[in-house]
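Heads up, the next two complexes both have chain A, just with different partners, chain B and then chain C.
Take a look at the complex of A and B:
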C-alpha cells in the first residue's frame, strides 16, 4: 500500500484539524529544555525533536483516578459508580513507537480475568498517531533489545515516517487510523514508495545496532533469583521510583480513600514497587525489605513474570528509566549483563 | 460499566470482641440480590472496607455451608482494621470478593484432616473446620491443634469449647510458655512441640496449616517427621494486597500472584517458589 507524502511543516495543521473534530488531543510540546506529552496544548507548539520525558500512559491510566464515590447518611453509607474521567475520543499525536507499543503490552494485564473498564474505556477511545524514529532519539533507548524497533507499528493507528527534515510519509495502520485519513488528505503531496520506507527502517535500526537482543534474559532470570548481580548492581538504588513513573508499561497502583465530611472518593493512584511501603505487612514483616530486592522485583516483573503470564516483555525499551535515574543505574546495563551472562553460561 | 473496584455493602449483624485486639463480625449483604447469589469457597478472601478509610485484606472466616452471611475476624493494627473495630452492630461496611483460590475440601473426603493454627490464623482455618464439620460423615478423624502466645490471644474461645465438647473432634489447645493463666487447662508449649506430642497419623491424612511464618517454619519439619507429604500439607500465604484482582502488582511471590493463584497452596508448591516472602 502506498504511503501518503506530506510536508512535516503541515503536521501541526493536521493536529489542529483533529482537535477541531472534538477529540481530546495529546501531543508532545517543549517546556524549558524538556519535552512532555500534554493534553490540550496548542497544535502549533508540537515539538517532535526528541522523546518526551513522560510517557503516554497517564492519558489512559491517570496518576490519580476516582473509582467510586461514597456518601454517609448517619450510620448508612451508599456507594456510587463514577464514570471514567477523560474517556472521550482521544488522539495522541506524535507518540514515539516505544510509547505506542506500550498499549498492547499492558492491555492483557488490565483484562486478566477481571476487566478494568476505566482503562478499557480510555483505550477504546484512543487513536495513536505515531512519529517513527529516523535514528535513535537519544543515547538511552533500546527498543531493538525487546523485539521492537524505531519504526515499529505496535499499538499505532497511524505511523508517520520523517524521511528527512521536511518530508513525512504517512501510513494508516488500522481501521481506527484510516478514519483520520481525511484530516491528512488535504495536505498530501503525492505518494512515497515502499523502498524509501525500507531505507528509513534500516537507518533507524542501524542507529541501534550496538544494542543487545534480550532473547535469553527470561531464562537466565528464572535460574538466578538469588544472584550476586542484584546486590552488585542495585545496592546504589535510592528507591525514588522515578523509573516506574516515567515507564510506559509500569502499572502498579494503590487504592486510597479521600473524604470531605460525609462524602468522598475512592482513588486509584500510581504506586511503585521501588517503595519500601509497597509490600510492607501490618506485622512489620516486609517480603522485599531491601532495595536490591525491590529492584530485582522490577526486573523480574518486566523480563520474567510478565512474559510468563502474558507472553510479552513488560518493557518497550524507551530508555527513560536509564536517562532519568538520579544515580545512573541503567536498566539496560543490568538486563544486558543478564543477557551476557546467559550467553557465556554464567 | 462494570466496576471491579466497587464493593458490596454489608451490614454488621453481630460483633464479638474475640480478644483485647481482635474483633469478629457477622456480615449480611445489604442488597437482597447479592445476598441470594453470593457464594464462596473455604479459603477465599475479600477486601473489607470502611468507606473513607480504605480497604484491608483477609479471609472469609465462616464456612460456605452457612448461607446468607459471611464472617470475618481481624486484629486491629492498621488504619482500616482499627476503624473497622470501631464499627458497631448495624453499621455498614464494604466488601469485595470472594477472591483467590480455595481449599480443595472435596479432595479431603474420606481422609483424616489435621488442622493446625496459630494465633490470628485460626479464622481462615475455621472456615475449613466448619466446612468439614458440617459434612462430618464425609471425613475420617478430625484433629485440631490451636495455639496462641497467651490465653488472652486465643480467638473464637466459645467455639473451641464447642469443638472440645464434640466426640468426633480431637482438639488440643496450647499457649506459649508464660502465656498461661492459673485456670488454663490446655497445653503449655509452642505449636510445633505440641503437634509432635499429639502426633496425628499421616496415614490417609491431610494437614491444613495456618499461622505466623515462624510457626510454619518449625511446624513443617514436624509434619515431615510424622510422614506427611508436602503435597498433603495445605496452607495460605498472606501478602499485602490492594486490588485482590491481579493488577496492582504487590502480592506476587516470584511469578505467583497470591491474590489469583493463592492464597491457598500446598507446602510442595511453596517449596518451589523463590525466596520472595
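Take a look at the complex of A and C:
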C-alpha cells in the first residue's frame, strides 16, 4: 500500500487539527537544552529534533493517581471507588518508536491476574502517532538489540517517516490510526511507494552505535545470579532511580493513603526497585540490602523474569537509562557484557 | 595523558602498593559521550583506569555513605577542591573519621557539564588549588572567584513578588517525579533513613502532587541549610531539570548573612544550625 506524502512543515497543522477535535494532545517540545513530552502544549512548539528526556508512560500511568476515597463519619468509615480519571481521548503526536513499542510490552502486565482499569481506560483512549528515526537520535539508542528498530511499528497507530529534512511519508498502521486519516488528508502531496521505506529502515538501523543482539542474555542471567559482575559494575550506582523513572517500561508503583481531617484518598504513586525502602520488611530485614543487588534486580526483571512470564523483554532500547544516569552506569554495557559472556561460554 | 592523570595514577599506585589504602576512588573514562564514571580501584595494577579531565563532575564523597566504600577501613579519594568541601562537612558532622580518608587532591581549572557549559560553582571557585589534602597533583592554579556569580540567579528570584515567586516554584515543582535523585547524588544527605521514607507518621506525602512536591523539595533544602557546599550534584542528577541550586544558594545566602558562615571551609568549625552559641543573634525571636 502506498504511503501518503506530506511536508514536515505541515505536521504542527495536523497536530492542531487533532487538538481541535477535542483530543488531549501530547507532543514533544523543547525546554532548555532538552525535549520533553508535554500535555496541552501549543502544536507550533512541536519539536521532533531528538528523543525526549521523559517517556510517554506518564500519560497512561500518571506519576500519582487517586484510586479510592474514604471518609470517616464518627466511628464509621465509608469507602468509595474513584473511577479512572477522565483524561479523554488522547493523541500522542511525535512519539519515538521505542516509546510506542513500550505499550504492547507493558499491556500484559496490566492485564495479568488483575485488570488495571486505570491503565486500560487510558490505553483504550490513546492513539499514538509515531515519528520514526531516520538516524538514531542519540548514541545511547539500542532498540535493535531488543528486537525493535528505528522504523518499528510496534504500538503505533500512525507512523511518520521523515524521508529527509522536509518530506514525511505517513503510514496508517491500525484502525484507530486510520480514523485520523482525515486530519492528514488535506496536507497530502502525492504518494510514496512502500519500497522507498526499506532504504529508510536500513539507514536507520545502520546508524545505531549500539547494535549487539541481546538474544542470549536471558539464559546467561538465569545461571549467574551470584556473579562478580554485579558488584563490579553496580558499585557506582547511587540509587537515584532516574533510570526507572525515565524508563518507558518500568511500571512499579506504591500505594499510599493520604488524608486531611476526615477525608482521604488512596493513591497509586510511581515507585522504583532502586530504593532501599522498596523491599524493606516490617521486621527491618531487607532482602536487597545493597545497591548492586537492587541494580541486579532491575536487569533481571527486564531481561529474565519478565520474558519468563510474558515472553517479552521489558526494555525497548530507548537508551534513557544510559544517557541520563548521573554516574554513567550504562545498562547497555552491563547487558552487552552478559551477552558477550554467554557467547564465549563464561 | 595529562600531567594530572599521570600524577593521580602514580600516587594511587603507591598508596595501593604500600597498603596506605585498601582502595582508591576516582574517575575513569565513561562509555557515553565524553562522560566520566566513578571507579573503585583495589589493585595497584589497575590504576591506569583512573583519569582526570574537565568532565570529572561527579562528587565522589557521596560514596562514603554507602557500601562498599563505607565499610573500607581506609580509602583514597581523588578530589577537586569543591569535592573536598563535602568531605570537610562530613568530618565536621562526625560522619567520616579524618584518618579513614586519604585525600588525593587535584588542582582544577574548572569542569564542564554535559551541555559544555561551566557550572556556576566554577565561576565562583576559590579552591582551584585545594587547601585540605594528603597529596596534591597538578600545577597550582590561582583562584579568581567571581563570588557574586553564586547569588546572581537568587537575586533575580528575590526581585520577584511573592506571587511570581510562588508561581515560579509551582511550575518547577510540578516537574518533580519524586525519584529522589537529588538526595542520592548529594554527598551531605547522610540520613540512613530519609524523612521522606518515614511513614509512622508520614511526615511528607510521597505523591508527586503540588503539596507533596513542595514539602519534599523545601525539606530537602532546609536540611542542607548551612551544610550545602554547592557542588551542584543534585541539580546535575535531576532528571526533571529542576533548578535545585537556586534553593540551596538562597539558603547559603541567608546563613552567610545571619551567621557569617560558609560551608565546607574549615573542619574545626561547626555548621551554625548544628550548634548553639550564647552570642548567636536572637533578634528574630519575639
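The definition used in the following text is that the second predicted complex is superposed on the first by the 342 of 346 C-alpha atoms of A that agree within 3 Å, B and C clash if a C-alpha of one lies under 4 Å from a C-alpha of the other, contacts with A are read in each partner's own complex, and residues count from 1 in each chain.
Here is the rule we go by: contacts are C-beta pairs under 8 Å (C-beta built on N, C-alpha and C of every residue); 3 or more make two chains touch, one makes a residue touch a chain.
Since we're looking at a predicted model, the values are computed, not measured.
J.: So in the superposed three-chain picture, is A:330 touching just chain B, just chain C, both, or none of them (first/second/both/neither)?
T.: Only chain C is touched by A:330; chain B is not.
J.: State whether A:256 touches chain B only (first), chain C only (second), both chains, or neither.
T.: Touch partners of A:256: chain B and chain C.
J.: Output check: A:288 vs chain B and chain C. Expected answer is one of first, second, both, neither. What do you get?
T.: First partner only.
J.: Touching A:273, do we find chain B (first), chain C (second), both, or neither?
T.: first
J.: Of the partners chain B and chain C, which touch A:37 in the superposed model: first, second, both, neither?
T.: So A:37 meets neither chain B nor chain C here.
J.: For A:61, is the partner it touches chain B (first), chain C (second), both, or none of the two (neither)?
T.: In the superposition, A:61 touches no partner, neither chain B nor chain C.
J.: Applying the document's definition of touch, where does A:70 land relative to chain B and chain C: first, second, both, or neither?
T.: A:70: touches chain B, not chain C.
J.: Output check: A:109 vs chain B and chain C. Expected answer is one of first, second, both, neither. What do you get?
T.: In the superposition, A:109 touches chain B alone.
J.: Considering only the contact definition stated at the top, list the common interface residues of chain A for chain B and chain C.
T.: 254, 256
J.: Which of the residues in chain A end up touching chain B in this complex?
T.: Per the stated touch rule, the residues are 67-68, 70, 72, 75-79, 81, 83-84, 109-110, 112-117, 121, 225-226, 251-257, 259, 264, 266, 268, 271, 273, 278-283, 285, 287-288, 293, 297, 300-301, 304-305, 308-309.
J.: Which residues of chain A touch chain C in their complex?
T.: Interface residues on the chain A side: 31-34, 53-54, 63-64, 139-140, 231, 235-236, 238-242, 244-246, 254, 256, 258, 267, 269-270, 272, 275, 277, 290-291, 322-330, 332-333.
J.: Show me the residue ranges of chain B that touch chain A in the complex, using the header's touch definition.
T.: 1-7, 9, 49, 51-55, 77-78, 81, 90-92, 94, 212-213, 238-240, 242-243, 245-255, 260, 274-277
J.: How about chain C: which of its residues touch chain A in the complex?
T.: Per the touch definition, chain C meets chain A at residues 30-33, 35-40, 58, 62-63, 66-68, 115, 177-181, 184-185, 197, 202, 205-209, 212, 233, 236-237, 239, 241.
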